[in-house]
Structures are given as C-alpha cells and as structure tokens.
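Structures incoming, each one as structure tokens.
First subunit A sits with subunit B, and in the next complex the same chain sits with subunit C.
Entry: the complex of A and B
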C-alpha cells in the first residue's frame, strides 16, 4: 500500500533518509522521539514535501500519478490540521460528501453521536479530545483503503484512546485495508499494530514485528562481573547503570536457557526506544 | 472466544492463545468444524496485534488442530485420539525435563535423580 525506497531529504540541520513499506492488511507504526522525522515522513508519503531523491509509491503507483479517485481511497489525520475552526460539523458534512464519493453520512453522524460530538458548535470551541475524535471520524468515514494517522491519540484520555483504537480495529476487519500510524503512547501500539519502525534523527533504527519485540526481545540486568562473562551474540545495546549494565537482547530465550541467575525482563516498546536511541551499540 | 491473556507473563502471548484454544479442543469445548473467529476479529477482541493471532493459528494448524481454508476461515479439525495422547505425552515430557533440570541445577547427579524417579514410581 505504501512503499518508500531510499528517500533522502536534506534540511539545514536535519536529514531524512529512510525506506519503509506497509503491505495490505497491516497496521504499521512509526515511532521515535520528538524531532526524529515522523511527521516529515508522513508529509513525504503524501507528497506534501519535495524529496531530493528516492521513490514514493502509494497503491503501487508513484504518488504524483495518483488519480482523484485513488486519492479518495486515503484517509488522513495529520497532527496540526483540521477543518477551519469557524465551521461546525453540520457545515463540513456537505464538504466531505463532495470530496469523497463514498462518504457514508449515516455512519459519520452515528459515530458523532456515539462520541458526543455536537453538530452545531464551532470546531474552535471543541476540546482537544473532541478535535482528535473528529479527525479520526473524518478519516474513516469514506471507506478508505489506507489510513495515514499522525499521532491521532495525542491529547486523549485513556478511555477515549481505547474507544478510538477499537474503531480502528473494527475498520481493519474487512482485510484489504492498512494503517500507518504514529504515536507517543506506546502502550497504545503494543496491542494494536502488527509491526513497527523506530526512527531517530531521520534514520530507521529498527523494523520488527510487534509480537517479536514483545516476545523475543528482553532486558538483562547484569553486574560488571556478569557482563565480562556473558555471551554477547544476541545483545544489541548496552547502557551503564549504578549496578552494572542494562542490556537489550533480541533473544531473551537464549539467555534464559543458558545463563543462570540472571535478571531478565520482558521489555515494552518505551524501553526499546530508550535503549535503541540512548544505549551504546554492541 | 473468551480467552484470557496475561500480559505480565513471561510466556509469549501467541503461545498463551494457542495453548488455550488447544485446551478447549482437547476438552471438547470446541468441536470439529467449529469456525474460529477471523484473525482481525480475535485481534480486536483480545486487543493484541493481528500477527500474534496469526502466529497462534499457524501453530495450531501445524499441530493439526485446525485447518485454514483461504477465503473461508479457520476450522477445528477432527482431532484424533492418537494426536491428543501425543499432546498429553509431550506435556508430561516437558514437566519431567523441568524437574530434571531443577535437580541438576541444585547439584544432584543423574543417578540420584534416577533413584528419586524410581522411588516416586513405586509409590502407590
């Protein structure tokens, strides 16, 4: 559905250089610290910024050759964009119906009601959470094949996040759809996305399936003496700690089976981001 | 499906799912030809990633408990008794192995472990 191949974009203080692929029937996440290049990547995919070199394809075609109908198969929510704040939901419905031939008005209204979004209130007067919900509803209400969501859950409380993710999970059930999503809240991603790309300073540091990250990756906590003796073959990062070292392994089973009296923890996505961006390469 | 996932367990999630489904098949709660929920549906229900579910289904399929027909879904197969017996045997083997490993790690030699084994076997 999305293919970025060797994209390069040079800014004065920052260089984006990445390849990324989202196949059909896949929820892919793009994660990374602030300023890592997530939003730039999203803009690049949509052709909103010009790149210096590389190929960008959506639905198997270079983005600039997409027809209007093909563009209507995209559902998009970017972080700082929404409809003009002076409009009300009532006003944007005719706009959406004209923009998207497959806009499902009934579904949209029903979801607005479900999320308590008032039809006759200026969007400017919406709370952060209401705006975020509106953006997602706009993105999913025209039977898009591909959703591109830049931090859609930012600013939402845990209840609203779970509700929105459930809507997105439901959106995926037909099976021929995909989502590219970025988020700061990694607990959202753990139970949601199928694979993820970790980006930092414009480069992809890691691409792995979520279940492999959660099941196979692990954190070892070792003393200096243990560190001298440990077999480093499945270790990728280390970080100094008061007691010795914290190590990121890609095969915690190996250390569970082969080393005695070792503290091995299941790791979460936050920990992987931390170790991959701040840890020393092994 | 009403499966329960323990996120703080060290056991991988895909394994928790496949073990629970297998249990239900072995105990006859899921009978032959029952259709399992689609990968995305179960992913939504359990709030885990779809690839995790797919991995669980793949394992169940490899072990012959379910069969996936492309475009139709995954179905419980006619689990034959030999296969179920084999499964139970494997469980016992795993537990024995665990006990032996524990014995060795606290310094027992193989002969001592064997002796213990025979003592337990002779108990009524």
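Entry: the complex of A and C
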C-alpha cells in the first residue's frame, strides 16, 4: 500500500532519511519522540513536501502520478490540520460528497450523532477531542483503502480513544485495507498495531512486529559487575543508571534461561522508545 | 473541483450577514448618489467580492488548512483552477447584479446614452477588479495572507499614484476626450484582451508557485 524507499530530504537543521513499507491488511505504527520526523514522513508520503531523492509509492504507483480516483481511496487525518474552522459539519457534508464518490453520508451522520458532534456549530468552537473525532470520521467515511492517521487520538479521553480504535478495527474487517498510524499514546498502539517503525532524528531505528516486540524484547537491570560478565549477543542498547546499567534485549528468554539472579522486565513501547533514542548502541 | 467550489461558497455564505449589511449600505448610498456618472455601486460591490476570494485563500491556510486540503483527492493544479474559476464567477456575478440593480433602481432617469456610458464605466471597473485579482492571487499564494495582502494593496496604491501622476501631467479631460474618440468597441476589445492575457499569466504564475511550495 505504501512504500518509501531511501527517502532523503534535507532541511536546514534536520534530515529525513528513511525507508518503510505498509503492506495490505496491516496496521503499521510510526512512533518516536517529538520532532523525530513522524509528521514530516506523513507529509512526504502525501506528496506535500518534495524529497531530494528516493521513491514514494502509494498503491504501487509514484505518489505524483496518482489520479483523483486513486487519491479518493486515501483517508487522511493530520494532527493539526482539518477543514477551515469557520465551517460547520453540515457545510462539509456536501463538500465530502463531491470530493469522494463513495462518501457514506448516512454512516457519517450516524457516527456524528454517536460521538455527539453538533452539525451546526463552527469547527473552531469544537473541543480538541471533538476535532479529533471529526477528523477520524472524515477519514473513514468514504470506504478508503488506506488510512494515514497522524496522532489521531490526541486530546481524547480513554473511553473515546477506545471507541475510536474499535471503529478503526471495524474498518479493517472487510480486508484489503491498511492503516499507517502515529500516536504518542503507546498503550493505544500496543493492542492495535501489527508492526511498528521507530523513528528518531529523521532515521528509522527499528522495525518490528508488535507481538515480537512485546513478547521477546525485555529490559535487563544489571550491576557493573554483571554487565562485565553478561553475553552481549542479544543486547542492543545500554543506558547508564545509578545501580549499573539498563539493557535492552531482543531475546529476554535467552537471558531468563541462561543467566541467574538477573532482573528481567517485560518492556512496553515507551521503554523501547526511551532505550532506542537515549540508550547507547551496543 | 465542485467540492472546493462548494467549500468556498459555504465560507462565503457564513459571511452573508456581513455581506447583507454592506449591500444595504450600498443601496442607500446609491439612492443618495444623484451624480449618475459615478458607478460607485458596481465598482464597490465587485471589489468587495474580489476581496472575498482573497479571504478564502486566508481561510484555506488558517490552522495549517492547506495541508489537509491538499491531502484531499484534488491536485494542486485543480486547487489553483478552482480559485480562478471562483474569482471569475464571484466577480462577474457581483458585477452583473450590481449593474442590473443600478439600472433598475433608477431606470427612468437614464437615457440610452447614459445607460451605455454606465455600462462602459462598469466594464472598466470590472477589468480593474480582475486585474487586481490577477496580481493579488499569486502574491497571496507566494507570500501568505498578511504579506500578500500588504503587497497587493501596496501595489494598488502605487498603481493609483501612477495613474494620478499621469492624469496630472496629461490633463485628465484631454485623456478622457482621447479615449472617447477611440471607438468604444475597440477600447472594450483591447482591455478585455489585455485582461485575459494578464489573468492567463497570473494563473500560470500561481500554478508554478503552488507546485513549488512545500507544506
């Protein structure tokens, strides 16, 4: 569905240099700290910035050669951008109907009602959460084949987040669909994504299946003496701590089986981000 | 493109109350205006609506809106085409309505001669408004709203100063008589032709600007 190959884009103080793929029937996450290059990657995928080199393909075609009909198969929700705030939902319905041949007006209205989104209130007067819901509804209401969602759950409370994630899960049911999503809320991604890319300073540091990441990766807490003796074969990052070192392993089972008296913790996505971005490469 | 036209129309509709107030003021001024040679109504209304086209550019870029708009199933080319089409529709529409209103409000006061004079003057105003848009749209796309608006009004000021200087040097009346001697049809054809050329150049320039722009 999406293929970025050796993309390079030089800004004055930042360089984006990445490759990533989103296959069919997959939910792929792009994670990373603020300023890592997530939104720039999204803009690159959508052809909103020009790259210095590399290839960008959507639906197997270079982005700039996509027809209007092919672009209508994309559902987009960008973190800080939507329809003009002076419009109301009742204004944007005819706009969407004319832009998207497969726009499902009834479904859209039904979901607006479900999420208590007023049809006759200016978008400017919406709360952050209401805006986030509206953006997702716009993205999923025209039977898109691919959703590109940049921080879609920002500003939503836990219940609304879960409801929206359920809607996105429903969206995937017909098959032949994919989602590329970024989020600061790692708990959303852990139970939702099939695989994830970790980006920092414009570079992809890690690409892994979510279940492998959560099942196999782990954090070892070791003293300096333990660190001297430990087999580093499955260690990827180390971070100095007052007690010694915190180590990121890709095979926690190996250390559970082979090293005694070692503190081994399951790790979550936040910890992986922390270790991959702040930790020292081994 | 239809979706974008609807969007701009909806934005315009949201400002309808403001427009109605201005429209009322305009009609009152027209009634008070006994000097028939002033086509204030036509020029003012067309200029007002042409400014609204520039406002839609501001609305589009409000809160990073262009990012979202260009991620919709439209190309940058279609976006520019829609802006020019909307400009033409709005300017012609408002010009025609105001001209008709002016003629309808005072139908009996005018002789055919005066009516043709009013139509001619209105047409010149229309061309000025279109020329204003022709240089303002690329300026807005290139420099954004605040800078673009300042530059386009600055340019308008310079243009007015230039015309004023020419009038002072050449004597306005002699210039007017000179224009009068030229066939009316010829003046209209030449100015319309020049207007089309300028709008064409403006469109190509806008297209080039938006294709190069990064969001």
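Definition applied: the second predicted complex is superposed on the first by the 282 of 282 C-alpha atoms of A that agree within 3 Å, B and C clash if a C-alpha of one lies under 4 Å from a C-alpha of the other, contacts with A are read in each partner's own complex, and residues count from 1 in each chain.
Heads up, the rule we're going with is that a residue touches a chain if its C-beta (ideal position, glycine included) is under 8 Å from a C-beta of that chain, and two chains touch if they have at least 3 such contacts.
Since the model is a prediction, treat every value here as computed from it, not as a measurement.
Undergrad: Can A:2 be said to touch subunit B (first), subunit C (second), both, or neither?
TA: neither
Undergrad: Mind working out whether A:173 is in touch with subunit B, subunit C, both or neither, as first, second, both or neither?
TA: Once the two structures are laid over each other on A, A:173 reaches subunit B alone.
Undergrad: Kindly classify A:194 by the partners it touches after superposition: subunit B alone (first), subunit C alone (second), both, or neither?
TA: first
Undergrad: Which partner does A:215 contact after superposing on A: first (subunit B), second (subunit C), both, neither?
TA: Once the two structures are laid over each other on A, A:215 reaches subunit B alone.
Undergrad: Counting residues of subunit A in contact, which comes out ahead: subunit B or subunit C?
TA: Counting residues of subunit A touched by each partner, the higher count goes to C.
Undergrad: Is A:84 in contact with subunit B, with subunit C, with both, or with neither (first, second, both, neither)?
TA: second
Undergrad: Per the contact definition in the header, classify A:48: touching subunit B only (first), subunit C only (second), both, or neither.
TA: In the superposition, A:48 contacts subunit C only.
Undergrad: When the two structures are overlaid on chain A, which partner does A:69 contact: first (subunit B), second (subunit C), both, or neither?
TA: second
Undergrad: Share the list of subunit A residues that count as touching for subunit B in one structure and for subunit C in the other.
TA: none
Undergrad: If you look only at subunit A, which of its residues touch subunit B in the complex?
TA: Touch residues, subunit A against subunit B: 25, 27, 165-166, 169-170, 172-173, 175, 190-195, 209-211, 214-216, 260, 266.
Undergrad: List the residues on subunit C that touch subunit A in their complex, please.
TA: Against subunit A, subunit C makes touches at 2-4, 6-7, 10-11, 14, 59-60, 62-68, 70-75, 78, 214-215.
Undergrad: Once bound in the complex, which stretches of subunit B touch subunit A?
TA: Checking each residue of subunit B against subunit A gives 8, 10, 12-14, 38, 40-41, 43-44, 47-52, 55, 105.
Undergrad: Under the touch definition given earlier, write down the residues of subunit A that touch subunit C in their complex.
TA: 43, 46, 48-50, 68-69, 71-72, 74, 76, 78, 80-87, 91-92, 94-100, 148
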